[in-house]
Amino acid sequence: MAIRNSGNMSITEEFAAKIKRDNQKERIMKLAPVIVLFALILIFSIVCGKDFASLKNLVAVLNQLAIPLLVAIGLTFVIMIGGIDLSINGTVGMAASLVGIFVMNNRFTQFNLGIGGILIGILSSVLVGFLAGLIHVYLRIPSFMVTFAFMYVCKGIGLLSYSGEPPTILDPVLAELPKKSFIGIPFITWMALIVLGICILIQEYTAFGRYIYAVGTDESILSAVGVSVKKVKVKVFTLAGLCFGIAGALAAIRLGQGQVNVGEGLMFPAQAAVVVGGTSLAGGKGGVINTIVGVLVMRVLSNGLVLMGVNPYIRTGIEGIIILVAVALTVARGAKVISK
Amino acid sequence: MASNKTVDIGKRMRLQEHLMKYFSFSAIVILIIAFSASQQNFLGKANLKTLLSDSAPLIIMSIGMTFILILGSIDLAMGSVCSVANVLTVMVLNDIGPSLSSPVLAAFLALVVSIIFGAFAGVIQGIIHVKLKVPSFIASLGFMSLWQSVALLITEAPVSVAKAMWPAIEWVKVTFGVIGLPLILALIGVAILYVIQNYTTIGRSLYSIGGNERASRIAGISVDKVKISLFVVSGICAALGGYFLAAKLRSSAPRVGDSFTLLIVAAVALGGTSLSGGRGGVLGTVLGVFTVSVIQNGMNFIGVDAYWQNIVFGLFVLAAVAISVDRSVRGLVVK
Amino acid sequence: MANTIDNKLLFSAKNIDKHYAATHALKGVELDVHEGEIVGLVGENGAGKSTLLKIIIGAESPTSGEMTMHGEPYDPKNPLDANANGIGMVFQEQSLIVSLTVGQNLFFGHEREFSKFGIINWPKVYKEAQQVLEEVDISNINPRKRVNELNFATRQMIEIAKVMNVTRQAGDQKCLILLDEPTSVLSETETKNLFVQMRKIAAKGHAVIFVSHRLDEVLEISDRIYVYKDGASVGMLDTKDASEIKLYEMMVGRTTSSEYYQIDKQSKPQEEVILEASDLGLAGIFKHINLKLHKGEILGVCGVVGSGKEEICEVLCGDEKPTSGELIIKGKKVNFSSPSKGLREGILMIPKERLFEGIVRTLSVQNNIALSNLKKLSKFSFVSAAKVKKQALHWIDQMRIKTNSPKELMIQLSGGNQQKVVFSRALASECDILILNHPTRGVDVGAKEEIYTLVREIAALGKAIILLGDTLDECIGMSNRVIVMKDGLITGEFDSGIYNKPSQVDVVSLMM
Amino acid sequence: MKRIKSVIALLLAFIMIFMLAACNKPAETTETTEEPKEEEAETTTEEPAEEPAEAEVTDYRDFTIDASKIPQEKLDTTLYLAVSVRGLENPYIATIKVGMELFAEYLDGIGQKYEMQVLDSGGSNDKEVDNMRQFAAKADGNAIAYADPNENSIAYSLAEAMAESGGYIGTAWNKPDDVGPEDLTPNWVIHTSPDNVINGYEIAKALFDAQDGKGKIFVLEGMMGNTAAIDRAKGLDQALAEYPDIEVVGRDTANWATAEALTLVETWLNQNPDVGGIWCANDNMATGALQALDKAGLKGKVGVVGIDANTDIVEAVASGDAVATVSSNGYLQGGYTLAICYAAWTGLLDVEALPAEFREFATPATVITGENVAEFQSYSPDFDFSKPFGCKAD
């Protein structure tokens, strides 16, 4: 019955030290995306000099930010509830095509609805998000498959809508919009930033925002307090549809043309951006603010590589490696950690 | 009563497990009946031949993906691994082939090179996913970009198999009745993976890890080793897909695998393998692949307007998945 | 414990029936709760306690029957409805969202009360959260802290605070709080604190329904006890008339005795040391652990939650790497990097969280039994299906596992039978050292007895066992020797032979 | 190695055009309906060289589908028509579909029973081959198809798919050098192509001339690894070699996509706001480039060229915002290829007897510049499919 008192202090100290270390590690992990971002900025500033680190280039980056950012924001919510949305390429393309058709253009004069046309484009995408959510939730089909199917459906609708010849937007207001800017930042980016603000508000300051986290963490918690998980999920997919729709509309305005191709190649970079920002694919962790960093990392990376004149063949490879590194820095390690 | 309830759920689960298989089967049957009703020679010899042999590359790749999905992971890099293997195959045939004594030898060498590459790609992806704990979705996303680059660096332009080397890929044309050699080879692949899945320690561990990774670890299963080996299997399957495509298309293209990336996952899911892991199998996947093939084939057959094809395909997939997806209750969250 | 039965009736349920598809879960259950009263509900697993609570909170609706609250008919559509009527519940599973803050969790589902135009006024939320926390005496926690930064016990207290909040909101109205196994993750001190809170609540005239597997706790805290069996109430008695034995009798219909732990079957350990730990340590968790385990010995490890006993199990089985010291098994120094390495040396753990760590629900019984010894059932890594089945049949027979066939899915078995499968797996692995981490957790009384028998039999076979008991009583009753841990150190060791079991008081004094 | 191959290919192409041009004169007298349009389409082949023309060749230029000679049983058999293309979102490709529809009208006229469809590969080699095989299987020999192989390397596989079923196919644009229609006689009837290298070269020349042969340019290439992208870039490189004062200050791929082109040009404009021109491998990317210029206030000041003759770029050429684009006349490619295959299927055309220069030949491509843009805009396709070889560029 030997009572050992020696070292009793040290174990508490050890524990405190361990907690401190863990907290530190976690803080670094949380900051990892930002660190990666700054590292990239630093490297490109050194290598490319003024070409990269100039106000002009900053504006260019901001200009190119709008659509990837919007798409990634929408996707963030879906990933936060543990789902996934593959329909992006389709929905964005569809929204852009429909916007092109329903405003003043060089092909379908009979459909000129002005601002209403933009709304139709956005609504179509909202509707698709809503439907995808409904089917996912009520038919219990994994979101992966539902959105995979909707990717094709939306792409088809976009293609069908203008039958091969994309309409050029002639509406004088819309044609001028991409040239407009406010304190140096293009109008289209402002629109994206406004949506971003609204999404942050939704995430942080509404009950719905809290429920999104809860769904991602443990769905049973919600039913325990009488909140319908299904409704939250459908709402999330609808919200994502809204973001994609706005992205599509802005893309059409930015290009001055409504074509289904604008959606092409948006999906995988968006997934990468969301995860690089630190949102967990398992759900419940991260958020819109993380995604901003993620999108910036991706944008700065491709902007810098273009400015450096890196062989485009190698560029995608470098992007892949940076994604791996950035995510490897943010995930928890250890033999017991389960990663799927 | 809680315990009674679980018994109830369990019975339903098992019943559905059996039904599930018939369900994905029924999706195909319905499709085939519908298509043959509108075009009588849908089941004609010529079309059966195309239908049965064109699916070979997709089958090979999908069965590899099946294991990954049963683990609860995903591999988005299969498409680009397939591309790299594809360009490697043609490179070996065209550049080394002529110096070898026979085209058959060249074909064999290309096969070996592809498999080695596939295994290598699987190993490094597996290690990064398993040891660095990078989620497979993102690890494979990174490798997808990486291998795309590699494929383009090997050959920027699509390359045809030189005429002199055509004998090396003639096997792709061999048919026995309506069944082509590619399909037979793919089915041999299915058989091998089926044996691995059902009769080996790795296969059994696969299901327990997919069902409950933590419990499997505690029970003393070498989780990491099993996972990495399965990524090797998927890598090899992807590479074989590239090899098959090289023969089928008589050429290589550095982006040939891109369109397979998501299609593979869809085919496996249509075959009833749960995307959340633990359940499913390669036999179901074969059905899933045929569902996809029949939809695509059928749309061309009944001449669905090209502008409508995407829409119709999407809706068909949605319908097929709605009747075939593993929806067994158990209160599990569908994500 | 005042005589509260004379108080006004707060809640009553009459003739509650509940049918699930084929099963009759509740058969005319009755329950009365008076103001200021703490009512205990006891019964074996599957007796219907949880179903009844779910009906009261509105998560499920009864097939037939009537409920009243405050004398008014009460028919909740959902938990929010129940809350509005002054009924709140702490669920068995943790129901906090770890990525949100304490304050956000406390008012989860009630955000609208703090919102204007859908925008939540967070400062107001946190101010009120602070008040709620003060009421349960855990005001030292900042409500802006995220839950994942807190330990489990604190989280449990927050859950209780969350439910208490319901009573606060009710104002003058009297409330009913349902606690479903709230103490399962709490240490004894924390349990005591919880009981203090419960009394406080009751003193204000609110009522509490308390469900626990631990009869001693129920006897300690409740005023009246309802006993359920097979979906029906088999009796109600005042706590002062009740005793553990009496309750057991009512629950299972038979008497338990001092033979509960089958102490007379306790075998004598052999001389041979099979496992030896010297100066084992895991940074920040435990340190200077020296222990010897003999063949045929059952070594009990006692300690409160957080004493490091769980982590010792993890280190011994290879799930976690020790940061100092060494481990010698069968005279050989070992260094495990994973449980699979441990298994190779003949050491295996039966984990605490059966559902999350013990079984693979989606696999069949036979495959679950074969999990740990697949290699032995295979040749050139080809598994013999016949051997797997044969082995399963053997253990199903041996262990009296209730299942229709070895191919039945694990999810179809009851908790006790699942645990038997886990035991079968461990035995089939032919390991010489078994670590039993809460082997009777969440298992009903009948199955508990069988497990005790089993543990005795295993020890008699000469295997060595390290046991972490579900209760202190169990740990002492089963073991040959007991070591006590506190704050990561071994604070004492007791011999626990058939006739010289240490007293619980002695052991507890070293734990606290 | 590749360089040498491409040079040889180029040489061959030149020789071919040279020879084809040689056959021009005698044909003119017989052609009446096609005449004016063919004149417009002449820009790619300007060598006026005269060589003794073979008598047979003139015969084939004159070759006429005589509807009365088609056996009634053929007319009563359902003939399956298809065009196999890489994605209908592209305006040029949509014109191929229209070409098929025009030819279908002709078939209506002669009382041929038919069904038609578009096979869309969505840019996937595998899908395109699968599509063709399925189409062939369905038609069981009674099929004719126009195929635009997604990559040159699959041309043979496409033709082979058709050959196995006994149908007839004509390919366009892409095929490897070492295989050709003669490998699968009679089923692989023809291969035609507006020359990508030349198109790339011509627009580059137009652009450089507009810049007075000096200044900086940006280059937007097509999708990496795609044959058309590579060939067009080759044409550009040839032109660059001829204009030493042109400096390329930005060169990258925009994957045929408008949005990526816009992004790239925006980035580059920061470095080089004094750019003189932008060479784009297709018009979709030119749209993006124009939009970026518009944003920077440089629209109309910086020359832009593309290929495909998308409506908006043609309009831009008309308004002076773009310098040039190329029309490959998809109506003509789709319609006439099917017409030749139809002739082969009916048995009116003996493919085996067809000389090599009528198996592989160039179709006209028009470089649209400010000078001829008005003509192009007023152009509406109207062909006489009874003279199928009218599509041969001269």
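Think of it as A, B, C and D in the order they're written, each chain with its own count starting at 1.
Heads up, the rule we're going with is that a contact is a pair of C-beta atoms (placed from the backbone, for glycine too) under 8 Å apart; a residue touches a chain by one contact, two chains touch by 3 or more.
Computed from a predicted model, the values in this text were never measured in an experiment.
Student: Which chain pair is joined by more contacting C-beta pairs, B-D or A-B?
Tutor: Most C-beta pairs in contact, of the two: A-B.
Student: Taking each chain's centre as the mean position of its Cα atoms, how many Å separate subunit A from subunit B?
Tutor: The separation of the two C-alpha centroids amounts to 29 Å.
Student: Between subunit C and subunit D, what's the gap in Å when you average each chain's C-alpha atoms?
Tutor: 75
Student: If you average the Cα atoms of subunit B and of subunit D to get two centres, how far apart are those centres in Å?
Tutor: Using C-alpha averages as centres, the distance is 36 Å.
Student: Between subunit A and subunit D, tell me the centre distance in angstrom, where each centre is the average of that chain's C-alpha atoms.
Tutor: Chain centroid spacing, subunit A to subunit D, equals 39 Å.
Student: Residue numbers in subunit D touching 2 or more other chains?
Tutor: Residues 88, 97, 224 of subunit D touch two or more partner chains.
Student: Which subunit C residues sit where two or more other chains touch them?
Tutor: Counting only residues that touch two or more other chains, subunit C contributes 319, 338.
Student: If you look at subunit A, which of its residues touch at least two other chains?
Tutor: If we look for residues of subunit A contacting two or more partner chains, we find 159, 163, 313, 336.
Student: By the touch definition up top, name every chain pair that qualifies.
Tutor: Chains touch in the following pairs: A-B, A-C, A-D, B-C, B-D.
Student: Along subunit C, where are the residues that touch subunit A in the complex?
Tutor: Going by the criterion above, the answer is residues 58-59, 78-81, 83, 89, 91, 93, 95-100, 104, 108-112, 115, 118-120, 122, 283-288, 319-321, 337-338, 487-494, 510.
Student: Could you please specify the touching residues of subunit A with respect to subunit B in the complex?
Tutor: On the subunit A side, the touching residues are 81-84, 86, 135-136, 139-146, 148-157, 159-160, 163, 219, 268, 271-272, 275, 281-283, 313-321, 323-324, 327-328, 331-334, 336-340.
Student: With touch defined as at the start, can you tell me which subunit B residues reach subunit A in the complex?
Tutor: Listed in rising order, the residues are 71-73, 76, 128-130, 132-139, 141-146, 148-150, 152-153, 156, 213-214, 217, 262, 265-266, 269-270, 275-277, 307-315, 317-318, 321-322, 325, 327, 333-335.
Student: Within their complex, state which residues of subunit C touch subunit B.
Tutor: Interface residues on subunit C, with respect to subunit B: 20-25, 45-48, 50-51, 230-231, 317, 319, 338-340, 342-344, 348-349, 351, 356-363, 367, 370-372, 374-375, 378, 381-383, 385, 408-409, 411-415, 425, 429.
Student: Can you list the residues on subunit D that touch subunit A in the complex?
Tutor: Touch residues, subunit D against subunit A: 88-91, 93-95, 97, 224, 252-253, 255-260, 262-264, 266-271, 284, 287-288, 291, 294-295, 297, 310-312, 315.
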